[in-house]
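Working notes, beginning with the structure itself.
The first chain written gets the first letter, and so on, giving A, B, C, D, E and F; residue counts start at 1 in each chain.
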Amino acid sequence: MTYLAKSPWIVHYDGSSCNGCDIEVLAALTPIYDVERFGIVNTGNPKHADIFLVTGSVNEKNREIVKNTYDQMPEPKVVVAIGICAATGGIFRECYNVMGGIDKVIPVDVYVPGCAARPESIIDGVVQALGILEAKRKAMNENPGAAKKPAGDAR
Amino acid sequence: MGFFEMTKTALKTVLSRPVTILYPYQPAKKTGLTRGHVVQDGSKCISCSICVKKCPSQAILLNKEAKTWQIDRFRCVVCNSCVDTCPTKCLSMDTQYTAPASKQGVEVFTITYVKPPKPEKKEEPKE
Amino acid sequence: MTKQIIVPFGPQHPVLPEPIHLDLVLEDERVVDAIPSIGYIHRGFEKLVEKREFTEYVYIAERTCGICSFIHGATYCQGIEQIMKIEVPERADYLRTIWSEYSRLHSHLLWLGCFADSFGFENLFMAAWRIRERILDVFEQTTGGRVIQGSCKIGGVRRDIANDKLSGMSRDLDSIRKEIGELTTVFLNDDTVRHRTRNIGVLSRDDAYHLGAVGPTARGSGVAIDLRKTGYGAYDRLNVPVITDSCGDCYSRCYVRCKELFTSIDLIQQAITEIPDGPIDVKVTGAPNGEYFMRAEQPRGELVHYLKGNGTKFLVRSRIRTPTLTNIPPLVKMLQGCELADVPVIVLSIDPCISCTER
Amino acid sequence: MKQEQSIIPIDVGQLIGSVEQCRNEGYRLAQIGCTKVGDNDFEVNYSFDKDYVLKNLRITVTAETEVPSITGMYWGAFVYENEMHDLFGIQVKGINIDFKGTFIQTAIKYPFGVSISKGEKP
Amino acid sequence: MIPEPWTPFVNAIIYLLLAPVVGGLVAGIDRKVTARMQGRVGPPLLQPFYDVGKLFEKENLVVTTTQNFYVLSYLVFMAVSGALFFSGGDMLLVIFAFTLSHIFLVLGAYASYSPYSHVGAERELIQIIAYEPMIIITAVGMYMVTKSFYVGTIVQSPIPIVLYLPGVFIGYLIVLTIKLRKSPFDLSTSHHAHQELVKGVTTDFAGPNLGKLEIAHWYEYVFLLGVVYLFFAWNPILAIAAIIIAYFLEILIDNTTSRVKWQMTLRSAWLVAGTLGIINLGVLYYLRMVVVP
Amino acid sequence: MQIVQLLIYLILFPLIAAVFLLFAKKGFERGWIVKLSALGIGAVSLWLLVAGFDKGLITYSVSGRIFDLAMLIIELVIAAYLLWLGLRHKKYSVVILVLIQAALLIWFEASFGHTIVELPNNLFFDQFSIIMALIIGIIGSLICVYALGYMETYHEHHKDIADRRGMFFFVLFVFLSAMFGLVFSNNLMWILFFWEITTFCSFILIGYSQTEEATNNAFLALAMNMLGGVAFVAALIYIATLDPSGRLLELGALLSSGYAIAIVPAVLICFAGLTKAAQMPFSSWLVGAMVAPTPVSALLHSSTMVKAGVYIIVRFAPVLSGTTEGMMIAMVGGVTFLLTSCMAISQSNAKKVLAYSTIANLGLIVACAGVGTYNLMWVAILLIIFHAIAKSLLFLCVGTVEHRIGSRDIEDMGGLIERMPKLAIMMFIGMAGMFLAPFGMIISKWAAIEAFIQAPFGLIFIIILAFGGSATLFFWSKWMGKIISVMRHQENVEHSIRQEKWVVLWILTGLVVIVALIFPLISSALIEPFIMQIYGHTTRLSEANITIMLLMMGLLIIMPFSMLFQSKTPKIAPPYMGGMTTVGDMKYIGSAGVSRNLVLSNYYLRNYFGEERLFMPGTLACWGLILIAFIMVAGVIL
């Protein structure tokens, strides 16, 4: 295990969620759940983050934001979709303004189901993401060029 | 006058035990009512399709030919609607939430209930 | 050459758990212009009434928002009940009221936390949310859901709460009241908090009224609007005091919410002592035909569910006018001439709920 | 318990006058909302509240009708009027803060104006 | 024993090697105590080290490559000023080197031309001008008591400095709050991100650059606490206790106040700290003849 | 006898060059004359250094009768000319001042002309003179060279301004000549003469463009400096009344004549120095002088004019030392330093910022000289050197930038590092020279703190220095930040700057760095002997500290090379904008669908540090201080 897995910093973006999942993400930071136990810090800034937590689905207006936020994260990075809205669009899937889950815009590594996803569930999801993060770091070190490809268009 | 109104609380807190639940080392908070995930008992399902119709997020797919009842956990909002409306009470709500996954998929239950099927109108489930 | 700084504030921004965007134009740190932009969460689920039967739409109405989820569900149900002329059993009315007030408790505590966070008082944020978890526990014990309760349905409620559980809750509230007491003292008396809230984002009584402010935003400016006074649910049988304050600044809005925490506790305890035994739902047949503007008091203020049915299982229109939508014009007014550091404080002081605002 | 409310249908032409009267009588604007009632017909409800009594002025318009803005009387009405425009395609003239269709950006234009049949995903 | 002329160098090298360790530990303890004050368990003690280790594993994401230069300079000069301090150098020189390093941080933020970094940089500058006078006053106060600007001399002075400089000490504690980026003065960047500026000055630093910033902060912590030590230098045990108490106080203040605005920061630093310091020095100046041996 | 020839050469040679320039019609000729004379002046100043650094104080008798007469005549001619101008432009304050001064002069001549004996030593020379000569000779002439190219563009940009370049360069060189005269003269009457010439020259130069604003500001400068001139004449009269033989008119003699005699003229002349150095009640003239073409500003701010003001105060420092009057003068400097440093924060006009910074630094010099202990004197001289170099560089940089981007507003200098990289680096170094360790000004600040703490009431100044110094830091850093911010896709507009400008700029940049490196040498070779000779003891920085400073400098120099060795290839991403997408560059689609350009400005905090807020209190305070000094002096006279 490297440092990466001991210090996952997150950035959270609320796509078009109903808040239910958002407040559960926030709740996970608060004393009862205290994800800082795992070194998790909610940085609020994509440039500092390793894990991108997205709640809610993507729509016309926020897809660019989601993409942009993702692009501003340094490699290696993983995306965790929180709640079924973020996974598939959930109950709002059929709304005219919902494009679907966030995997429509950026690659998702872990889906955390639930409506709303419970804080415990979110913790599980993040822990699962750590393994993927680690794998990505290995891949990046072995093949420095490859990992950068997907976000290379940021300039 | 209040400078450092919080001091007392902060000092008190620092001296008492943290309220944190050490999940995953300690079990998650749960109650008997907690809505975790829907389970189906294939031996009781009469394939009536009510659950399919009553599901607000269309997470259930019933295939009468294949005799399968499948649920998309990444669509289900755990609202309990199907459980409430299922006439045979073959659906129930488990208190354990669905585990996170890297891939989406549906969970398939086989319907083992045997009874001459009655003619029904075809419901076209989404996607 | 103008000496202006343009800060694109949000939509991805840590003090805004919900995405809105403000084009802030600053001179030094003074905000000379703040143009809001919303629409990042717009899903358009009002149109789902055309695809979901009115009975299933409850689940969607509940997911208007994860914070006053319950009140949305209840308001929708009451609107339909009004159109369909359904009398719900009294116990259901009381239960709805109890859950509504718990929602208010949870929402206000959540808000207090976020508000503390907006002026950088992390410990206070944690303290508020620590208490809030106890409210959520009650939700989970009585409805099975922490944030989305799903316990309302047309014609009543889906779950009863046993009487001994109710009295347990009432007792529990006594200790919660004590904790909240400690918490609110800090909000109302601490000098550094007052420094950040006093005379910030002042909204005059007149502006508050005519710009359409509702809820604590209006009450903080001395406008006594509280829809609970219309007596829906069991409120006509309970004693609902309307808390107001006159300064119209962030402090006043905070003051109103702090005091409302206590009135909510009182209301719940009162409801628990008065709640009659009996059935919790009635059977619903037929379909709504007609229209109704159902209004209810959410933690953030007046909520309007306009429902129109044409006798089929599918409604013609559900229009949800949420408190935040109508609190946005006052917000725009408040932001003019404030400081950059005040922006999050002022924005949060109306307790914005973008999710239901945009539907 | 039923909340008091009334619906008063008026003409588009009377709108400004009636709204002004509401303002003078001390009503506050509670909401403006639209409903699609025909292929190209929309009801617009202007709801005003005073002492918990809701008074609704209702105009019926088509997408082509130019509805005058009431932001002159109620400054905050711009949120609703922009919404009317963005979701229903109703033309509102003279909004004080006109977002010109960017208030709520939608994947399809005027989602409530066009008819989407059930089950079909736009 | 190390021969006399070499002690400054040895001290400097010890500082350069150990300060990050000590600073990181202090940061870890800080986070732990803060968490406990909030009723949480908090991160492991070594979390700051994990964080920095992690940051160096990340990609070097920049807005402009010049950022690398500024960050490195910030780190180097921060280390240099601390090393000067611990090798017993001239306090004023230490302060100037310290300022220089901060200017590099500010420039790094400016370089990115990002709104949040920019406003953060402006605020950081305001903070610098808020605390700098007090730090100079501190140095001058020490001089007035010990007749030397040299840390090496001050630390060996048998005089209980803090008794002569109570006002200066309190003033220093106030600006220490600014320096440790603690509430109520965490204007330009803060440990928790929930503020209007996101991460302020550090917003556009990522990966290894952020790691270097973090290490620089550790150097800074040790240096700043070293100054606290000087006030109590006549009694090392007391001094250590004072450092612990002072730091605990800082954490407590952090946890019991909201963030104030820049005007307030400048005002409290200049007026409160300045007046306390100035009055203290004035009195001392007046009595100098009488009391100093 | 060799050195005195050099002195005379330095005074006369620029004068001759000036006359040539007056008649040189072709730009080509003018160019060569300027360049050659600059070379000549610079070279001779250096020669002076080589020849005289180990000499100590030397005085020379140059027969002066004939000069005295010529000077009187010239002064009266100038007075007449100014009278005419003043009447024409309805500047009655100037008219009155000219009349008073002329009347005083004539009266002085009439009543003492016959009693004053011929002074034996009209010229003198010591290490301080060398320093001043180097500043004037090198920096001054570099600026003249720079002015060649500048004025050409200036007239291309401003077709409406009459091209009077012949006159312009004439005045520039006369100015240099007068400055040399000023620092080499031992005769106070001569000093007064040169003093008045600098006033007059600056008046002409400030008013060069002949616009209304320029004329007004020129008259403002004139009026304020004339006020000083009147005080100067009054000092002479006082001296003459004390000793009609006029022996005390010799600077050296006056300085060594003791408190009772020297304090009155010292205060009067220092008052004149305050006006010339644009200290607080008079600061507005220097700020107003910004309307002049940039080389003029550079000249006024770095090597001439204001330096004449502080020069004279430093000369009188030994007299002021330990006196209340000196304290008052020092306080004027202190207050000026504090308030103008703060005011500079609120300015976005680059030249205004530079102006305020100049005033502030002069204030510091005045404060040092006013307190006047030996180590403060050391600091004051150090400040004069460092300030002259860095400030001239900055002015010339701003001038060049202004010509390329058409604005002198700091806000328009964003991303200069991309647009004019070399120039931006020069500016960067210049600014670093003004406020960062281990460059010059900060060395001085440091030395000042260490010196003040040993001086009586030094605590006040230390506190002023602590607060004012941090204000200084604010405005420099934010400006620095502005020029180094990287706004992408900016075009490089640096090419086509003329070679000679580059040469001047590079030399000055080099000087900033080199002087910071070799200042221990300068100190031990020039300043310390000078101080030693006056006070009998001297000061120096400890060797260890010097080593450390040099180390830091070395680090600073090698640090940029770190960019060549990077372990990880950086990936470029746009700045964080709250998730907003940047469309193209620095643009995003904001609220209401409006495409917005990202604009970032610095803070100016006008409500706190604005001129409106600080100017009045400062002026009042300084007038008060001056008044106290005068009242005390009046006490001495009576």
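As a working rule, a contact is a pair of C-beta atoms (placed from the backbone, for glycine too) under 8 Å apart; a residue touches a chain by one contact, two chains touch by 3 or more.
In this text the structure is predicted, and so the values were computed from the model without any measurement.
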### Task
Hop across touching chains from subunit D and tell me the fewest hops that reach subunit E.
2
### Task
Compute the centre of every chain as the mean of its C-alpha atoms, then state which one is farthest from the centre of subunit A.
F
### Message
Please identify the chain with the largest separation between its CA centroid and the CA centroid of subunit B.
### Response
F
### Query
So which one's got more C-beta contacts, C-D or A-F?
C-D
### Summary
By Cα-centroid distance to the whole-protein Cα centroid, the innermost chain is E
#### Entry: Computed distance of Cα centres, subunit F from subunit B, in Å
80
### Query
At what distance in angstrom does the C-alpha mean of subunit E lie from that of subunit C?
43
#### Entry: Inter-chain centre distance, subunit E versus subunit F - centres from mean C-alpha coordinates, in Å
36
## Note on the structure
Whole-Å distance, C-alpha centre of subunit B to that of subunit C, is 27
### Summary
Residues of subunit C that touch two or more other chains sit at 5-9, 11-15, 19, 29, 37, 39, 42, 44, 47, 51, 59-60, 63, 121, 123-127, 130, 145, 148, 190, 192-193, 358
#### Entry: Shared interface positions of subunit A, touching two or more other chains
13, 30-32, 34, 37, 42-47, 59, 61, 65, 69, 72, 74-75, 91, 94, 96-97, 115, 118, 148
### Task
Going through subunit B residue by residue, note those that touch at least 2 other chains and give them in order.
4-6, 10, 13, 18-20, 22, 29, 56-57, 77-79, 126
### Summary
Residue set of subunit A touching subunit C in the complex reads 11-24, 26-27, 30-32, 42-46, 56-57, 59, 61-62, 65, 69, 91-92, 94-98, 115-116, 118
### Task
Would you pull the subunit F residues touching subunit A in the complex into a rising list?
571-574, 576, 579-581
### Task
Going by the contact rule at the top, pick out the subunit C residues touching subunit B in the complex.
52, 55-57, 59-60, 63, 121, 123-124, 127, 130, 137, 140-145, 148, 150, 158-159, 182-183, 185-186, 189-194
### Query
What residues on subunit D touch subunit C, complex-wise?
1-3, 5, 7, 23, 28-31, 33-37, 45, 47, 49, 52, 54, 56, 74-80, 97, 99, 102-106, 111-112, 116, 118-119
### Task
Could you please specify the touching residues of subunit E with respect to subunit A in the complex?
31, 35, 38-44, 47, 49-54, 56-61, 192-194, 198-199, 202-207, 210
